Amino acid sequence: MLNKNIETFIGCDNEYDESGIVIFGAPFDSTTSFRPGTRFASKVMRGESFGIETYSPYQNKDLEDFNVYDGGDLELSFGNTERALGQIEEYTRKVVQDGKIPCMIGGEHLVTLGAVRAVAEQYPDLHIIQFDAHADLRDDYLDEKLSHATVIHRVWDILGDGRIFQFGIRSGDRSEFEWGRNHVFTNKFNFNGLEEIVESLKGKPVYLTIDLDVLDPSVFPGTGTPEAGGVSFMELLQGILTVSGLNIVGCDVNELSPIYDQSGVSTAVACKVLRELILAVGTEK
Amino acid sequence: MLNKNIETFIGCDNEYDESGIVIFGAPFDSTTSFRPGTRFASKVMRGESFGIETYSPYQNKDLEDFNVYDGGDLELSFGNTERALGQIEEYTRKVVQDGKIPCMIGGEHLVTLGAVRAVAEQYPDLHIIQFDAHADLRDDYLDEKLSHATVIHRVWDILGDGRIFQFGIRSGDRSEFEWGRNHVFTNKFNFNGLEEIVESLKGKPVYLTIDLDVLDPSVFPGTGTPEAGGVSFMELLQGILTVSGLNIVGCDVNELSPIYDQSGVSTAVACKVLRELILAVGTEK
Amino acid sequence: MLNKNIETFIGCDNEYDESGIVIFGAPFDSTTSFRPGTRFASKVMRGESFGIETYSPYQNKDLEDFNVYDGGDLELSFGNTERALGQIEEYTRKVVQDGKIPCMIGGEHLVTLGAVRAVAEQYPDLHIIQFDAHADLRDDYLDEKLSHATVIHRVWDILGDGRIFQFGIRSGDRSEFEWGRNHVFTNKFNFNGLEEIVESLKGKPVYLTIDLDVLDPSVFPGTGTPEAGGVSFMELLQGILTVSGLNIVGCDVNELSPIYDQSGVSTAVACKVLRELILAVGTEK
Amino acid sequence: MLNKNIETFIGCDNEYDESGIVIFGAPFDSTTSFRPGTRFASKVMRGESFGIETYSPYQNKDLEDFNVYDGGDLELSFGNTERALGQIEEYTRKVVQDGKIPCMIGGEHLVTLGAVRAVAEQYPDLHIIQFDAHADLRDDYLDEKLSHATVIHRVWDILGDGRIFQFGIRSGDRSEFEWGRNHVFTNKFNFNGLEEIVESLKGKPVYLTIDLDVLDPSVFPGTGTPEAGGVSFMELLQGILTVSGLNIVGCDVNELSPIYDQSGVSTAVACKVLRELILAVGTEK
Amino acid sequence: MLNKNIETFIGCDNEYDESGIVIFGAPFDSTTSFRPGTRFASKVMRGESFGIETYSPYQNKDLEDFNVYDGGDLELSFGNTERALGQIEEYTRKVVQDGKIPCMIGGEHLVTLGAVRAVAEQYPDLHIIQFDAHADLRDDYLDEKLSHATVIHRVWDILGDGRIFQFGIRSGDRSEFEWGRNHVFTNKFNFNGLEEIVESLKGKPVYLTIDLDVLDPSVFPGTGTPEAGGVSFMELLQGILTVSGLNIVGCDVNELSPIYDQSGVSTAVACKVLRELILAVGTEK
Amino acid sequence: MLNKNIETFIGCDNEYDESGIVIFGAPFDSTTSFRPGTRFASKVMRGESFGIETYSPYQNKDLEDFNVYDGGDLELSFGNTERALGQIEEYTRKVVQDGKIPCMIGGEHLVTLGAVRAVAEQYPDLHIIQFDAHADLRDDYLDEKLSHATVIHRVWDILGDGRIFQFGIRSGDRSEFEWGRNHVFTNKFNFNGLEEIVESLKGKPVYLTIDLDVLDPSVFPGTGTPEAGGVSFMELLQGILTVSGLNIVGCDVNELSPIYDQSGVSTAVACKVLRELILAVGTEK
């Protein structure tokens, strides 16, 4: 009764040493060019996660049968992008060196770069699967190299051609799509072709990055740049399950901006996506 | 011009004696464990119902051709669950004894228990069809026997095995699903199999309880515990039409919490569901 | 650096003389009987349009390759309906007489009447394609002849039988549907049959009016009278593309009421619909 | 238990014949030039009035000791200003001819014109006391003679010089203040001088019109045109009490726009102002 | 870096044994008759507390110089009022028996009863100072003895005449004020007379209960029953400082309902009140 | 009728060359550590400014009698703080070199640093008057030198001791207040002593920076870090008028974050503050 108030995502209250998955928040949104606010995603998700169950009727699995550690939120430097990425990289490096799967909650999509730097260091043959509404392939954005709009181009700087697989993309400028044609695999609008890609990646280390704005804004209005014409929750869930047979060595969910959805539905959706993601990539006790 | 201000759901301004359907509000949400607020549903629905038409292009029927009485809201005891259920039971008993169909607007789902007690007394062979996101089959919840999370288990206490048919269920703890397997019929996620069930229930007295959170949160965010992956309005409408051939002796719609959807869309959806429900179960003048 | 602040819809910053399409706002909602607020649509859309891209991956076209002029908002008389319609008519007449396509942003749907008066004057053989949730075919509404609920009846007064083609209609009173059966083509609920209608209208001048409430309220809650059971963004987009082969001589989008959707998603959807509409009906430089 | 649902403002459920005060709603806002929505004020106030008590600790009086009839809302023509004013005038005439005090809930401030027409007919020596942030003295607004911005000028057309007394005014264009100097009494910013005016009006018939935006926007954000620098609730209450000794033959409260204050505080304030107003101008049983 | 996520109110992260003050949340609102939602107050306050500083320029003290333990939230039974009160009582008893000051965050005001039961047991000569908008003196409410509207009457059942001192009261029914006249000290509307009362209570054990709705709704809209005409933050702060010289043996702040103030200002105010309260009643290390 | 849509703050539509005051937006909030969103302030203020009048009854002046140019918003680099400050500095330099008064709309408070760099270059004897809730005197914040929380310390780096005068301060950590005691003049909580300071600064060049959170959150909830206990609008207005006799060579208003106040009241207040500021520091034609 008289214990300190430990707040974790529901069912993720295991000790670090015994855990196979480590979730942590990366509350950073300084390069967001349109509507900021993703910095509050991880904190709000923890609080609201108690509105969902630990049990998934989709996968017939229960978070209570998994060892997941919730490390809380990193304390990141607002306004100093390079330093913040370094802090994310350092934390992720510790997790992967300890043989655990990092599962980061953004923040804006740029946070993925910090995590991928550390994961790619450990797994040089790393491949990326990206669920997203936006291509994020610009080389620079308003003269900046480090931006939510350039993050996958920066990831490509590390990994090179043939390693990045995008699904659900429905927004970008013309040059992004043209550049992408030669460097990454892009499937527009939906998850068509995902099964074939998964087949070809069997056995390889894969980082899965889920920009939640891949969802239709009707399902997920609480995001900085809502893009009409997205996928449904069931399609995203199916996408996660399709990927789950792979060797996922790191993952993230990002771009929830709770303030823009005062019904709380976007947060509830994000919590459920995270639950299903953990159940899909983790290993039961 | 100088009459008192009578406020009813649109098109439901008939006298009690001449009516076949009696709608009434049960503004109770004291056992809601996550986000309360359903107590305001019936009042807000009456006010907003004037944004919809009395005519349904789906059924080609018009509320003005039906005799429906709106009895307003019961004045229930907040914080005394057993007493509030008794008040609901008493009102419903009067309605069914007068040979009318009670159509209750919740409130949290627990209010269904009060109505079912009275209806089952009149119709001992009562069966239940439940459209819902949540199984609501716990035996107790935080040590309480009477809770929105236990309501269908309590209904089962009255009716026993083989009388309860659930559709759209996508949330619960593992034990609920396991217990349910032996005692109720549960179809997860959607309305598959509804037609067969309806076929088997022909001629029997049926109580239809619609927890509006069976709808996808994109369609119906204004509820206490939104669950991603629900049905569309057209699917729910089809479900109601499928059931409409049965001998419906009581029904309810519940779990609208208007404060969580400030766009008013959830209320508008609830009003349309209620209109279609009345047109489906009632008899034209 | 030191220029005045010109605010246009994204990518629509061309000069009037060089432009083929003229967009302008008609901020009028005085006859709205339920929830007003569409008067703010055009202003809010301009501001938020910078959250979308000029490039469409659906049509592989870019607004920057089109000549579009944004004339800002008309200054309309609130509370004097006939005068406001006259102001809209006058502006539209100038645009069509200069050989350009007017593309109006409402406002409530009644504004369409002002534009159609001018366009029909120039193109006596004008036909109307209407995407809408509501039939808008009443002859009068609360004794008023000029109303958002009568606008298409007023358009019929000008054009007569066989010229009006409605799609997506799912709300109206019984008399509207009955009257409509003899005077206009109505396809309820969706866009079925649109291709045949388009085939039959080849070569004829067509005015396309998009009441955005044809969209499902989950996609577009920010409107005065949300109607459950609408089309998805992809269906509306497909509808626009289907129509795009016709000789569109005028068009409008209307009934966005930003205040009712504080997530901003409805505005973002409206912006994308307008982008796709311009790309579909315009001609590349 | 089985009565129809009569909805009145709290404690105002008496019969017409026995009542001394008649409250009614005038849900009209068609000439509002900035943010509409006052049409919903009376309906929302009735519903929320049950959050306050009938007893006033300020006046030590209780609504239950007064005979007040609530006639509900007039059904007004949106978009036809003259007709709507005529409907208000007609209803008010009936009330004053029956020797009762009309107490109207707006709507935009223009509704006052309809009521004053009828009251001035009965009481040719009528005087007006106006609590307001805005002078409302324009002769026309965007070329319209009938507008929320011209209403007091129109009232002056009926009553002439020396009959109108404004308090709390803090917004207007320069010409309004200049014109007003010769035709009405205006006290800017607060209620200074109200006692002297009240002294001078002893025994004369007075119509009190309270534009609730006289309150500071911190107290009352839910209005179309919030103006910083207003009075507190206690100052407004004191203003009402100061006036209460006069022969008030009609009154109104207007310009609540509930949608702009989702906390509900503005509505709660409006309810309390209305309670205090009734207790101040009415007579105990 | 790799510690579990402990979430406390800002600056209240000390160990239980070393602390003089114990804060804990009592998330209960089942008897709320108007607008529920206070159950979320403590959780939201912890999260938002990081928007304020630990240092108070008013008292020139810093939370970091105090030993305060945050025990998190009690897990209370929704819908079973007596059991929930028992859980609060039990927790409070442990705290007071350990010689510490309990500082509870409500929840609805009824939670005070649970805490007072335990504190009065330890300190039979207990006195109560209540800052509140509502008298809360009903003997029953809708036939219930245990209610937010009866809580101070229930406290009186324990303590008897002459022990309860109310300030700021501005709402209640007539009978409450009349009953109160003989049993409790009530100062309406403000804190006049507080200094004299404080003088008379020197040396006696005092429980301070702050219903935050004593604040004006402009300052604190996020509450279930906002009452116009309240005190300012500076007045409440002065009230707390005035009381601080007494022997405060327990205290609470209650009735924040975050959902009703989406600006977050009410939560920020509540956090600052709690900070000042702790600094006022605690002892520096 | 067919002009491009030029959007300026109301009454500020003069040409650059003829203007004495230049307003421009600095939409930057990347270092905001709590709630971001001030980037939208200037755009939203322009749109909403048409809800206020150009005439001030407080100063009996009218914006239409002043020459003010609105240069729109700077396009700043998100996430690159130093570059963004450079862009602000460059624009301000142009304005002051042309002999005009820059009047910047933030953005977070850090933008003041960019403007002050340019103004201090032109006026080496520059003094600063700061109206603010927060001291903003930290030397670094989360290891960053450039932050909203350090901005006045950075300004001090340029100007040195005895040049900075703070009013209204009610939040900071203890070290800020202690450091400030030796380097700047700080008046806590209100504007006491402002007249004496103004007297002592007669004839000297002064930059006035108004962090709008100096206002009480009841008046101005739409800001990132609301601090209870602030000044009223009338007090702030009086503060501006007191300062207006000085030689104001630059000024700014900042920290409006519109998303946090969906009533729009904060924006309306900010517009009125800007109107009064322009009227106070400008020169009539």
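Per-chain numbering from 1; labels A, B, C, D, E and F assigned in written order.
Keep this in mind: a contact is a pair of C-beta atoms (placed from the backbone, for glycine too) under 8 Å apart; a residue touches a chain by one contact, two chains touch by 3 or more.
Bear in mind the structure is a predicted one, so any value in this text is a computation, not a measurement.
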Steps needed, at minimum, to get from subunit C to subunit F via touching chains? 1
Partner chains shared by subunit A and subunit E (touch criterion as defined above): B, F
With centres defined by CA atoms only, which chain is the most remote from subunit E? C
Could you please state the distance in Å, as a whole number, between where the Cα atoms of subunit A are centred and where those of subunit D are centred? 55
For subunit C and subunit D, let me know how many angstrom lie between their CA-based centres, rounded off. 38
Where in subunit B do residues touch two or more of the other chains? 35, 216, 218-219, 260, 262
Full set of chain pairs in contact is A-B, A-C, A-E, A-F, B-C, B-D, B-E, C-D, C-F, D-E, D-F, E-F
Where on subunit C does subunit F make contact in their complex? 1-8, 13, 16, 43-44, 46-47, 69-73, 91, 94, 262
Which subunit D residues qualify as touching subunit C in the complex? 29-33, 35-37, 39, 75, 77-81, 83, 142-144, 146-147, 259-260
Touching residues on subunit E, where the partner in the complex is subunit D: 34-35, 169-174, 177, 188-189, 216-219, 221-222, 225-229, 260-262
Show me the residue ranges of subunit D that touch subunit E in the complex, using the header's touch definition. 50-55, 57-58, 62, 216, 218-219, 233-234, 237, 262-265, 268-269, 272-273
